[in-house]
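Two complexes are shown next, each including chain A; its partner changes from chain B in the first to chain C in the second.
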Partner chain A sequence: MSHNKILEIQNLSMEFGGLQALDSINITFYEKEVVAIIGPNGAGKTTLFNCITGVYVPTRGNIFIQNPYTQMKEKINGLKPNIITRKGMARTFQNIRLFKNMTVLENVMIGRHCHAKAGIISAMVRSKKTRDEEARIIHDSRELLKKVNLVDEQYEYAKNLSYGYQKRLEIARALATKPFLLLLDEPAAGMNSKETAELMDLLKEIKKDLHIALLLIDHDMHFIMNLSEKIFVMDYGKKIAEGTPEEIQKNPLVIKAYLGENI
Partner chain B sequence: MFSFKEIKKSFLISLWFMFLTFPLMVIKINPETHSILWEWKNMLWVGIGTFCISLLVRFYQARNKKKSLSKKLFFADRKIPTSVIVAFLFFSIIFPFLFSNYHVNIMTTALMYIVLGLGLNIIVGLAGLLNLGYAAFYAIGAYSYALLNYHFGIGFWLAIPIAALLSALAGILLGFPVLRLRGDYLAIVTLCFGTIIRLILENWDELTFGPSGISQIPRPTFFGIEFSPHNVTTYIYFIALGFVFFTIFMVNRLKHSKIGREWQALREDEIACEAMGVDKTKTKLSAFALGATWAGMMGVLFAAKTTFINPASFTFIESVIMLSIVVLGGMGSISGIIIAALILILLPEYLRELGNYRMIVFGLSMVVIIIFKPHGLIGNVKKNYKTDYDVSQ
Partner chain C sequence: MEYFLELLLSGLIRGSIYALIALGYTMVYGIIELINFAHGEIYMISAFIALIFASVLNAYGLNSLATFAIASSLAIVYAAAYGFTLEKLAYKPLRNAPRLSPLISAIGLSIVLQNYVMLAQTSSFVPFPNLIPDFAFLNSISHILFPSEFLILVITTIVMIILTIVIKYTKIGKAMRAVAQDRMMAMLLGININYIISVTFIIGSCLAAIGGVLIASHIGQINFFIGFIAGIKAFTAAVLGGIGNIPGAVLGSIILGCTESFATGYVSSDYEDVFAFAILVLLLIFRPEGILGKKRDQKV
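Coming up: the complex of A and B.
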């Protein structure tokens, strides 16, 4: 495995009024890795996600990303979410946030837009260049739908899909932005064991085919232990442990804070 | 067919209506003898009438519930057949030669409202930004032409792009402070914007000539040729018709382009939109600007059509009518808005014969449409993206 850094979080703190949601977090992510963050509810996992993706501006600390293709390193805290997405990090949401009254295909096309150039004038003129770009967006989006096995539902409204399908569509939409790091906020939440197994296969396939890194938050231990190569454990806004799944399972601190039992 | 509970409900509704219409229908004053006539018979008719209508509505709603969802969707998503479009086209072209100037004038107004509805549809229907001040952009367009003509003698055709540009600028100006607002709050701010523009027009006497307005605005010319007062009505009709075609064409293109899809995504979910790399600021401002453009151009046509404008033409109720067209037609649907504009503008005109009951009938028909078609007259048509050529080659 290569060891290029893609995301470096240094001393990251986030305070909401008097509440210390994140306390001096230091985490480094490497290229093509599957990493999981676990921790009890309210440990600050989603806050960390929101800081990385630009929804919150962190109180202290720095976040750097390094594009694995160009090797350019930049500081991203304080940038708007849409800029950060363009730089190569995409996310899914804990509670599904699809464009409900748009078709499945259109949902994915929106993700692809951030790499398209067409503006208002070209939308009105519709030159050959714009039409080609449009055709390319449609083609790429359909390819992604094939990957997540949703191509038969492409003209269905997103709101009419079942829960498991909606989760998959969200992943396809995030992939459409061509990320090098995909952040998944509780992808397996609310799924039955069959759906979880399918999701696991899908994520493994994505990692294998697209060579991107995955960052997961989840509570499903079976899912996490099976999929991830490295795990970070958080509690009360602090990172309390990190290591391989085997190490984490044996770590007494983690067992005390979160697992509470042997699995 | 009906349960006892439903009949009881309908009965109560009819009682309520009898009570409501009591002063209007029962108490009649005889002005000659200065006495009151109690027409109790009317009350009975109101009661029976409402009872029957209420039962009918219940019957329809019950039947509608039984219909499967797929069947409903089939109707909503069906495209309008080409033959209907061609018939409409043909009729719209021969219309001024079949009917008198009075009818042509009314139809021109209706056509203008179609364009206004389609323009507002960009802001409200596609981008989901509730706007209660759309008449302000209409006013800006009309005053741009009137003043530019008064001071610099600029003609109709040159005024159109200038007014479009000025309205777009006003749209951006309104857009900036409301970038963070949604829903009710946005509605209040846009309402205020509309009122502020009207107040400026009313009180800035030096520039706008205040409440007395601007008169003798020239009608449009055809490459410098002026028309006789009789023919100019037909000419303006065709200009309005041309605008309708142009707007349908453009709005359709915008809707199915990158920017159009981004507007719709913004309507659905702002946070997800930003997470997908869509620039919220740019998308919102472009919706405001492009929506305002159509209002500006229609303002010029309005000023040229009536030859006289004053601030009273651009009140809050104008904005409400424009918004009603969009809501009634079905948010985001182009054909729905065309039908809604025709209903909303033509109905009050042709109901004039009903005299005092005109607005009651008008209001009633709106209520009926909303009850039976809560999502607008025509739902959104899904776009099937079919690419003609294979990109992978």
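Coming up: the complex of A and C.
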């Protein structure tokens, strides 16, 4: 199986005033990989996510994505988040950001809408094209809900779901945008061990069935070591190590970053 | 009893017009948290546009109902263009500015538009032609319900139903609700925020234009200042119902309209505003988030 590059980060730096949140980061991601980024709090992990998804415009450096289907390579820094999403990148946040006053199904449908073609005029007159498209969107959204096991809750309001269900719904909504790279910011945070195990199975299944790459941030080492094929370690805005889970566990720099100097 | 029903009916009619304008305030507030003070001027301008087109079409000898339909359609198109342009000119450049800046911009815009119409048209009242024919089926109740009032109730109801369907079931409506709840997340799901904001302004302006044309043909005269008064009343109604909440705006408008109507009927027409704003003050004391508004969580 050939492994194509899908995301290339070159010399990426991000400064907030005098604070160097990211310092010349170079990272390359390949198709269908599960990669984790770990590091102490404040290391710049979420900032990196924000730069990749267009929430922040990086101070220096470049981010390229290469669509695995068309092999088209393009620079994405400076583009708006909605454009980047349409190019095949989706993310979830540390805290849950569902549309709480909408139903579960509507939440997923919104993710799918960015690929819908029908414009406002045909939507208002409800042409056949619009109705067909709408039916397809509902069908696709239900399929995604089946995948995350939420199909029975599809007409519930998102705010009425339990925490673990809300996390799963966020993943389904992100998948609805048809990404080839899914960024998950602390998906296991606040979950008990049973929920974490279920999430791990779900992510493995998503990777297997949908052939997408996953990029995770998390502090749960058991979760990370079990799931990821490659790990990047960040500290103070710099990438300090990369490698397989086994290599990372033995890396003295990583141990120092996590446990401090004098151990 | 008949007097009471008459007042209730007139309250509903007032309320319908307020609702058409209040929806624009509340939708824009829901999406970008801005009180669009220039919204009332859109309503006023559309009445003038309808008047201009109606005069031209009248001169060509078109029958009055066709004139009314064409003139109001054109007024709606014009209002939509105004709403779209105003947002791009006055609010979009200030999207990331402190919240006070777009508010000042809105007030400035309102003054500019009023004075522009005053200079371009006239400062005195101009008569608006009576274009609505006497519907034959209304003859038996014509002493309590004028044809124009009948039209206001019917058109408002239809517009509300269409709006509900658009917001609830269409792609654009879902996107609007999503943007109102979490703008950044909506963007990260591929929604084009600028497009949604423009559509919101366009829909709001169309509704205001419908209100403007209807009230102008009901009252029979317009001037450059009607937008200010109607705007303030509709804004009050939107706050009454809970600003940002669409059914709330309609409910608030009906309550405000009926209050004014009963105050006029049972007390004196001099007191209609006193009662309207007394209700607002009481509500703001006891339920600051409005009738249907949600309590805001304090952000930590």
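Going forward, the second predicted complex is superposed on the first by the 257 of 263 C-alpha atoms of A that agree within 3 Å, B and C clash if a C-alpha of one lies under 4 Å from a C-alpha of the other, contacts with A are read in each partner's own complex, and residues count from 1 in each chain.
As a working rule, a contact is a pair of C-beta atoms (placed from the backbone, for glycine too) under 8 Å apart; a residue touches a chain by one contact, two chains touch by 3 or more.
Quick caveat: nothing in here was measured; it's all calculated off a predicted structure.
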> So, on chain A, is it clash or fit between chain B and chain C?
Replying inline: clash
> If you stack the two complexes on chain A, which partner ends up touching A:73: first (chain B), second (chain C), both, or neither?
Replying inline: neither
> Who contacts more of chain A, chain B or chain C?
Replying inline: B
> Thinking of the overlay built on chain A, is A:211 touched by chain B (first), by chain C (second), by both, or by neither?
Replying inline: neither
>> Contacts for A:129 in the overlay, against chain B (first) and chain C (second): which applies, first, second, both or neither?
In response: neither
> First (chain B), second (chain C), both or neither: which does A:53 touch?
Replying inline: both
>> Once chain A of both complexes is superposed, is A:139 in touch with chain B (first), chain C (second), both, or neither?
In response: first
>> Once chain A of both complexes is superposed, is A:250 in touch with chain B (first), chain C (second), both, or neither?
In response: neither
>> In the superposed model, only one of 7-15, 79-87, 97-105 or 385-393 in chain B has C-alpha atoms clashing with chain C. Which one?
In response: 97-105
> In the superposed view, which residues of chain A touch chain B and also chain C?
Replying inline: 53, 55, 80-82, 85-86, 90-91, 93, 97, 99-102, 106, 109-111, 113-114, 116, 118, 120, 123-124, 134, 173-174, 176-177
>> Give the list of chain A residues in touch with chain C in this complex.
In response: 53, 55, 80-82, 85-86, 90-91, 93, 97, 99-102, 106, 109-111, 113-116, 118, 120, 123-124, 134, 173-174, 176-177
> What part of chain C is in contact with chain A in the complex they form?
Replying inline: 166, 170-172, 174-175, 177-178, 181-182, 184-193, 199
> Can you list the chain A residues touching chain B in their complex?
Replying inline: 53, 55, 80-82, 85-86, 90-91, 93, 97-103, 105-106, 109-111, 113-114, 116, 118-120, 122-124, 126, 130, 132, 134-139, 155, 157, 173-174, 176-177
>> Residue numbers of chain B touching chain A in their complex, please.
In response: 250, 253-254, 257-262, 264-265, 267-269, 271-280, 286, 290, 380, 382-385, 387-392
